[in-house]
Structure formats: structure tokens, C-alpha cells
Amino acid sequence: MRLVYFAWVRERIGTGEEQVAPPADVATVAQLIDWLAANSAGHAAAFAERDRLRAAVDGVFVGLDASVVGVDEVAIFPPVTGG
Amino acid sequence: MRLVYFAWVRERIGTGEEQVAPPADVATVAQLIDWLAANSAGHAAAFAERDRLRAAVDGVFVGLDASVVGVDEVAIFPPVTGG
Amino acid sequence: MIRIIVSPEPIDLTAEIERAEAAGVGAVATFTGIVRADDGVGELELEHYPGVTERALTGLTQEALRRWSLAGATVVHRVGPMRPGERIVFVAATAAHRAAALEACAFLIDRLKTEAPFWKRERRGDEAHWVEQRETDVGAAARWD
Amino acid sequence: MIRIIVSPEPIDLTAEIERAEAAGVGAVATFTGIVRADDGVGELELEHYPGVTERALTGLTQEALRRWSLAGATVVHRVGPMRPGERIVFVAATAAHRAAALEACAFLIDRLKTEAPFWKRERRGDEAHWVEQRETDVGAAARWD
């Protein structure tokens, strides 16, 4: 599974992209975030404020309760600020 | 008093501008219209449908009940269609 | 900053937009009206009430500046004969933030349609007729009352 | 006709407007967002999610075409570093009649602010910070729900 990060999430983690292989019980975006935060201080810092995180799965914006089972790409980022 | 006409009001009357000296009892735009229509077939044709007429007195849009006493210029025209 | 132009010259959109943007604003909303070719019109002619037109448009832009926090308001209206595809009217509102610019732009064009002394005549072949005021235009203007 | 551009190149407003007008429409509404100089910002940098951004903007314009009777919808968004006075975003909606164009234009910019994956970072001198989403933007987008 490819993970991509943007804006201050990317900066706190220290990379914009990484490949991970989470265990089978990681079924949702929220569980993926918990698993990543438990394994790295950088991820824990980036994900400290859960209500400031947004996500997309395979390019589609989703809630943090969305499934990540069998997906290719999960993006985690702050609320968008374009325009 | 100068009268100015626009669009189909101007065309039906046959002129865009004329000088008139209405009698003293012509006190409003509506009375001016009545007086003009009584004295000319062209004006009568132009003013046949009173609810399709709009007016301005000295450059300010007014209702047909507005005063024309002592004014310099009265404009009579159809509803506007710019833009 | 108010800019009002009533002229038979074609409307130079680039120059008008660059002028509007020059004020150092964050948001520019514009509306451009174009002569439609889709109903057989070969020529459109715009008559107006010289002097009074400019006064009405100035009053309209001043009202927009009272209602919204704007940096500027522009109204450019062409008069005389014009062809399908040519611009009849250009309206712009500039502001620090987009809501004021968008709302003021819609206000200006809606109110212009019922408050400024312009009259349109359409020519199709040898026939010409004066355009009637549309009920939807009266309604659109009234929503700003 | 949908036109979506996400690019580090400066936005060529004249070319975009001429392209929008070329469809033979009667009404063109546009919104342009410009980097404001008024709060000490020396540079603005726009990050985005390549591929997904274009998909989000395409979905947004398709939604506008479903809601209103439009001839076309354009969204051009600049990415990368830019300076105060430069254009960040240009949105245009074209239609036979003005109400559709004006409403669709406001819809596109309001929804873009909350639905398209762009992130702004402002630089003031040596300091940089990520811009926070504004509650007023969330509210403006929600009025189209």
C-alpha cells in the first residue's frame, strides 16, 4: 500500500510518500493512522490532532472510517486551502 | 419644457426631442401625457398603452404621478432593456 | 474606485480587467454580456439617454460600494450598432474577499438591466423590433431590494 | 465544454476569456483570485495532489453542468511559488443567460475552496506557515448543498 502526505502532514512525517504493509486487522483509514502513529514518533506528531486530518483512498475523498482493505493508495493531509 | 423620447416611443412620435409649453393645469407626467395625446395623433399612438410607459424628470427616474411643475426636461420611454 | 464607460467603441476586456486588478485586490468578479447569434439576429442596436445613463450607472456603483466592502466597481456598456459575438456590457467588482466581489458583480448587472436607460433593437434580415423587458429581469433586480 | 488546467505557469486571463467566449454564448461570469500583498506576504506557495486535483476539478465542473444550463465551465489553478499581485485561480462559467453563469461561477469557486486538494503556504520574510481552512469558506461551500 502506498501512502502519500501533503502540507504540514508531509513535513512532520518527513516524507511525501512511503510504501507500507499494515497487518490484516488494519481495516480503516483511522486504524491505519493509529498503526502508523504507534510505530514512529514522526507519524505520531503528524497525526496528533485527528480532527485536523482528511483522507483520500485511491484518489477519492473519504471519511476516516473508510475502508483501506485491498486499496492501492491512501492520502492523508490537512483540510484543503486552495482557490 | 423640453421633452425627450426613446426607442418605440420616439419612433411613433416621429421625433426624439421637442419643446412644449403646456397649460398651467398640467401638473404631473400623466397629465402631460394626456395633454400631448389630445393634441396629436402620433403622440396618441405612442402613449396608447400607459402601463408600458416610463418617465424621468430632469434626469431622475420617476413614476407617472410625479410633478412636472417648473422642470426643464421630461423623458418618456418604454421599460429599459440594457445589459 | 468607480469606472463608468458608455461608448460605441468595442469593449477591451483585457484592458478593463488589468485596470480592475491593478488596485492590489484579492478577488475580481466579472460579468460580460455578449450578443447572441443563436436566434437569427444579424445586428443589435443600443439606444441610450446620454448623460442620464452615466448618472444612473454611477448611482448603481455607489450603491454597490455602500452595500459591500469593495475596492472598486466597473461598468462598461456599449451603445450603437453591434454584431453577434460582440460584447454589449462588462461589469467588474473587486474586493479583498470573494463573497463581496461575487455578490456585487451580480447586483450590478441585475440592477443595470432595470435601472439604466438603455433600449435594445434587434435586426433580423430587413425586420427590426424593440426588445421587451423580461419579467425574469424584473424579478432578478427585485431580489436586491 | 469543460476546461481544467493545473499548472505552475502564470494564468493568461485574456486567452482564457477569449476561449470561453468563443462558444457563441450570451453570458460569461468569471472569478479571479489574486495573491494579496496587504498582510506582509512575500511569497505564496501552492502544493497539490497531482492527478487527484484534476479529477476533483473535473467532478466539480461536471456537477455545475448538471445543475445549470451552461455552455462551458473553466477552472485554471496555479501551483508552486507565486508573488503578491499574481493570479492564483481563474474560474469561468458561460451560458445563454446570466443567472446560470453567475450562479455556476460562484458555485465553482466556493466548492473548489473545500473540495480540491490544494494547500497554501505563506512566506513572510524567513517565516513560512501553512494557511488554515477558514470557517467562512466551509459555510460558503455548504450553501450549495
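Each chain carries a letter (A, B, C and D) given by its place in the written order, and its residues are counted from 1.
Keep this in mind: a residue touches a chain if its C-beta (ideal position, glycine included) is under 8 Å from a C-beta of that chain, and two chains touch if they have at least 3 such contacts.
Note that the structure is predicted; figures quoted are calculated from it, not measured.
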| item | value |
| --- | --- |
| Path length in the contact graph (chain C to chain D, fewest steps) | 1 |
| Interchain centroid distance [CA atoms averaged], chain A/chain D, Å | 26 |
| Approximate Å spacing (C-alpha centroids) for the pair chain A, chain C | 49 |
| Intercentroid distance (Cα basis), chain B paired with chain A, Å | 73 |
| Residues of chain B touching at least two other chains | 83 |
| Where chain C touches two or more other chains, by residue | 33, 98, 109 |
| Touching pairs - complete list by chain label | A-D, B-C, C-D |
| Touching residues (chain side chain D, partner chain A) in the complex | 33, 46-49, 51-52, 55-56, 77, 88-89, 109, 112-121, 130-133, 137 |
| Sites on chain A touched by chain D in the complex | 4, 6-8, 56, 59, 61, 75, 77-83 |
| Partner chain C, residues of chain D touching it in the complex | 13-14, 17, 21, 24-38, 84-85, 96, 98-99, 101-102, 105-106, 109, 136, 140 |
